[in-house]
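Structures are listed in the sections that come next.
Shared chain: subunit A. Partners: subunit B in the first complex, subunit C in the second.
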Partner chain A sequence: MKHRTFFWFFLPTGLAMLLFIALPIVSVLVQSVFTPHGAVIETVKNCTPFGCNEETTINQEATRALRESQPLGRFVGLGIYFDRGHLAINEVRALWANSQGLGQFFKGLGNLPFYRAMGFTLTFTFLATPALIALGMVIALAVNSISQRLKGVVIFFSLLPFTVTPLIGSLILFWMIDSRGILGTALQWLADDPGLSLKASTPLTWIMLIVYQVWHAAPFAFVVFYAGLQTLPQDQLESAKIDGASRLQQVRYVVVPHLTPLVTFVALIMLMDNFRVFEPIVGFNAAAHATSLSWIIFNDLGGETRQLSAAAATSVMTIIGVAVLLSPVLVRTWRDFRSKK
Partner chain B sequence: MASKAQRAPLSLRLATNAFVVVWLVIAAFPFIWTLWGSFKVELDFFSIADWTNSLFGVNTLETYGNRFTLSGYEGAWVQEEFWRAFINTGIVCFFVVCTSLTIGTLGGYALSRSGYRYTFWLLLAALIFRAMPPITLVAGYLLPFFEWNLWGRLSTTVIVLVAINQPFTLWMLHSFFQSIPKELDESAKVDGCTQFQAFRNVIIPVMWPGVITTGLFSFLLAYNDFAVTSMLLSDDNRTMVPKIAAFLGTTYTEGNVMFAVAAAVSATVPLFILVMVFQRQIVSGLTAGAVKG
Partner chain C sequence: MKLKNILLAGAMSLVAVSAAQACEITARVSVVGNEFPAIQTVGAGAQECSGAEVTTNLTADHQKINVPGMQGNPAEYTSAIIANSSIVALMNEDVIRPLDDLVAQHGGALKSNQLITINGKVMAVAFMANAQHLVYRADVLEQIGVEPPKTYEDMLVAAKMIRDKGIMENPVGGAYAAGWNLAQEFNNMFLGYGGSHFKAGSPEPSVNSEAGVKALEMMKALSAYMNPDFLTHDSNATNAEFRAGNVAIMNMWGSRAATLVTADGVPQEVVDGFAIAGPMTVGGGDTPASTLWWDGWTVAKNVSDAEAESTFIAMMNGIRPELMANDDIRRQAVWLIDGYKPTSAATGVFAAAQMGTIPYPMLPYMGLMHSALGNELSDFMQGKESAEQALQDVEAAYIAAAKEKGFL
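Presenting the complex of A and B:
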């Protein structure tokens, strides 16, 4: 295809991505190093026959003029990144100096919003991902061996948790695990503790969110692995059997190696997806116990005071996190491309 | 798994079947339970006294003289005007899918037919864009949208969702077009067609399977989105998902949780139908990327 033709074919989609993905990233970067102007404050001396007093007022005109002349705000460099709401350099340094032992240090770290969110996000990402892969694998192996006629129905119901809107899916589970809902009641009965509430405890909230994510995303892993199982090398399986491999050994030495590339694929996709965990926190109303970077951005942007600079700085740090998780995918794509040449 | 030698022992077969049943319950029960409960009053849906109330609707019978009531649905659709959100979601999804497929097929086709090096870099850039959480971009949208008075409109949201959708659409369609033999449009070009004519007359008639699969995923993205729609739409223009989220803020205090339950069920029904009709396409779409990678 000629460059010219390619250009016209690609223009609409390229323009859309340039304007609404690439430029916003630049704009977020720029916003994150500026902070809004404070009001221009003047001190006026008011003298009356009874004496003089000083009065501080906001000079509305000067404030407006300043805001209009520099609409981006005041340049603060990396100031926002280091403030208390983000990396909190000073607080961390003070904490490091003052705390006895690592335990106290990490406990103090947990009170800083950014580290609290990171703590949850990373725990969530690295627990939910292996769990959902394992569950997806077991479902795929089980479904693969049931009768052909039932498979369609099973796949249909399995797809439901995955296709349902994440916010609605988490709400549905949230209503069920409410202490007055059916799962909540069942858990109270099982634990023999009528006061048990999943919402009130931090570890239980975390477990609940991870369980939700596994429920939501295991079908994806299942479908991918199931497709992989359809292309199993039958001759290898048979020769393994002739060599006397047990059923478990067949799975261990033939099926699993065949599915390894798919496991890597699902793991890479899910690591990135889980890292941006957001809707479940809103749906489960769990922000008191668990926050994530995406939730912080959402929280900063919403409400009456839209804290654009703070949100932009968190966005940039989220993008950096995603980039770290993305790098193995990029390396793989690059290697594929090289090997094709 | 046809031959007799490969048949699993009975115990294993039983265990497998039992596991599949357990999984089916886990996957489907929450939906069935919530659907059932959405026709009850709140005291039954959240029953403190006795959990069987939610099965038999004792309080619902007391209040309405029937074990089932549509009061939750009436509250959501009529009183809280959920139908507005429903229509808005319809508009947004329709335009997102159409626009995104139109410009996506053109781009994906071009990427699959051009042998130059830059196509790889464009695809790589798309992959990076695909990984960006949409919420991180929102901070970048707000300022210019406020400035140019674009904020709050459905059309703005449609364009943003289309753009966010493009990287995925491009990858899907790129790999789909690569599976269509190049000779097909090459020969049309030999016969004197321009590249666009070859695309229109030769490729468009055979591209529908791939386009439908991709369109489904575009639809799901637009339908399920919460981060972008809740941030970029004004209160009047809200789509279903942010509307339900807004219910939560106001209705928990008023004791009208059932509105939110009914709305959540209403918003899930279209997805349910979608999965039922397009199960095959969704499965093939989910596996397309994996089998390649």
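Presenting the complex of A and C:
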């Protein structure tokens, strides 16, 4: 394509990306290095149905003057990134100095919101992603080998979990796994423990969230792999058969290598998605056991006093996290691209 | 029967028409607020006005959207229905207007204790009072032969008896869901033990104290008699447990308790046994382990004067004294409206007020403290850390947030 043609072809996309992706990221970045001005506090007399009281309130006139002179707020640099709600530099340093042994250090780390969230998020990402890829592959292979007449129906049902809105899907499961729900009661019966509760135990909550994510996202992997299977080189398969390859060997040496680029693609998308895990935590009311960076952002914005700077800093850290997570896959894709040239 | 219904419907529509005639507005009204029954009534009353569109957005997530929805100019919401906790966020961001002129012009039916004045200016109009208090099953307590508990210590004794007699496995209910609810239960217990969230007159935290530790230990003791999923139970889920007959004693909001057993499908013995009493004290203290609340409405700052006036008129129509003639509405809350005669459902909140319950603090930094409590206490409730450690975490989290917001 000529450079000129390419420029005009790309311009609308480029503009949209600049407006809707680059600018918001810049604004979040700016937000994360500024905090609100110091509040000018005064004591005033307040009257409510329960009587009058001297209480503290913010002096709006003085605060407005401060705001108007510097609308962005106070510049604090990376201050927010290093505070206890985020990287907690001072707390981690103190912990390192004071703890005897690594066990105590990691236990203390789990007590800090950012590291606790990362602990769950990374476990979730690295268990759910491979599991859903494997499950998606198995479903794709199974669907590909059933009779043509059944395929339509089976594909439709296999796709259902993906089409259910995550929040609704997790809510339905949340009620089913309640200790009085059908799955919860079944588990109690199976484990022979009437006090067993999925929602009250941290490890079980983690497992439940991971299983939910695999159930929810496997159809996505399935659809991609199923499409890939339609382009299988039949001649290679036939020659493998003639060479005496078993079904398993055919899958191992012909099908999987053929689908590798798609596996990379699904892994890329799903790593990104799973790192930003959010809806299941809200849907399952699981915040006491599992938090993620996205949940922290939601929580900072949802309190009676919103913490915009804290939420912005966590957002930037999420973007960095996704970039780090994707870098091996991206580097590999780039190498493949170069070697093909 | 049918004729009666038709007559009733006719009468209702007549009432509606006369109300509509009484309430004429000229500009847009848009209301955001919580979703419990009394607020639904106020919202519906405001919507009876004619002449311009009145929309309401009543949701449990109201406090996530009211500040952003009022910061724009013009503001999306012309009125926010708030309580003593959530007015602080609106005050901090300076998005609501003083109502003195409007009260003078259109506020005829208001009583002086309905006017929430901050620094001498009317900032909100309160229409109901609220508090958490005891809700219990009289039949179950009779069965074990104890009086309704007056203290949390008595509650523990009663809970043990109910469990030991095999009547219920988890007889205590509590809205202990991690987050806002858990923090609120801590606030109750903490104030009951004589604690104070902040050092006098300053934003410095002081929850890591003897009262804090005792409050947490009492909550832990209670949770042993709760459904093991208690950290996921908010008020709605706790009420569902009570309705299902799984819970016999609980600390519940007056605004929700009143209509607790009117839902469909509640077993007859729960309906018959349902009873209300005042809030409980704890640790031998005189102050109830509860907080007093008012609910009221505000008018946005960033709207035209015509919209503000229409909003005021419509909201006044939502809390007009004639509503107090309706028994169902009267039962929904402890109204502060002129002409309200208390129903039996109001005893809990009235007792709370008479016993000198402390109002929920209206401080600019209380919201940050509440969030910090909600995030950091669940580890203790699960037995993962000590009470002292949990309270230390709360203070550390609060200090980080307060520094960011410029309070420290």
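Throughout what follows, the second predicted complex is superposed on the first by the 281 of 341 C-alpha atoms of A that agree within 3 Å, B and C clash if a C-alpha of one lies under 4 Å from a C-alpha of the other, contacts with A are read in each partner's own complex, and residues count from 1 in each chain.
Criterion: contacts are C-beta pairs under 8 Å (C-beta built on N, C-alpha and C of every residue); 3 or more make two chains touch, one makes a residue touch a chain.
Computed from a predicted model, the values in this text were never measured in an experiment.
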For A:R84, using the defined touch cut-off, is the partner it touches subunit B, subunit C, both, or neither? Pick first, second, both or neither. second
Once the shared chain is lined up, is A:V28 touching subunit B (first), subunit C (second), both, or neither of them? first
Under the stated touch criterion, which partner chain does A:T305 make contact with: subunit B (first), subunit C (second), both, or neither? second
Classify the contacts of A:A200 with the two partner chains as first (subunit B alone), second (subunit C alone), both, or neither. second
Looking at A:S145 after the superposition, I want to know if it touches subunit B, subunit C, both of them or none. Which is it: first, second, both, neither? first
Figure out whether A:Q60 sits in contact with subunit B (first) or subunit C (second), or with both, or with neither. second
Does subunit B (first) or subunit C (second) touch A:H37, or do both, or does neither? second
Contacts for A:A94 in the overlay, against subunit B (first) and subunit C (second): which applies, first, second, both or neither? neither
Look at the residues of subunit A and decide whether subunit B or subunit C touches more of them. B
Does subunit B (first) or subunit C (second) touch A:S315, or do both, or does neither? first
Same subunit A residues contacting subunit B and subunit C, which ones? 178, 285, 301-302, 306
Subunit C partner, complex, touching residues on subunit A are 35-39, 41, 43-50, 53, 55-58, 60, 63-64, 74, 80, 83-85, 91, 111, 113, 178-179, 195, 197, 199-200, 202, 284-289, 299, 301-307, 309-310
Within their complex, subunit A touches subunit B through residues 1-3, 5-6, 9-10, 12-14, 16-17, 19-28, 31, 138-139, 141-146, 150, 152, 154-161, 163-169, 171-173, 175-176, 178, 180-182, 185-186, 215, 219-220, 223-224, 227-228, 241, 247, 261-262, 265-266, 269, 272, 275-276, 278-279, 282, 285, 294, 297-298, 301-302, 306, 308, 311-312, 315-316, 318-319, 322-323, 325-326, 329-330, 332-334, 337
Quick one: in the complex, what on subunit B touches subunit A? 1, 5-6, 8, 12-13, 16-17, 19-20, 23-24, 26-28, 30-31, 33-34, 37, 45-48, 51, 54, 102-104, 106-107, 109-111, 113-116, 120, 122-129, 131-133, 135-144, 159-160, 162-164, 166-167, 169-170, 195-196, 199, 220, 223-224, 226-227, 230-231, 241, 244-245, 248, 257, 260-261, 264, 267-268, 271-272, 274-276, 279, 282-283, 286-287, 289-291, 293
In their shared complex, at which residues does subunit C touch subunit A? 61, 63-64, 67, 84-86, 88-89, 91-92, 94, 113-120, 126, 129, 177-179, 201, 203, 227-232, 292, 294, 336, 353, 359, 361-368, 370-371, 375, 378-379, 381-382, 385, 389, 393, 396-397, 399-401, 403-407
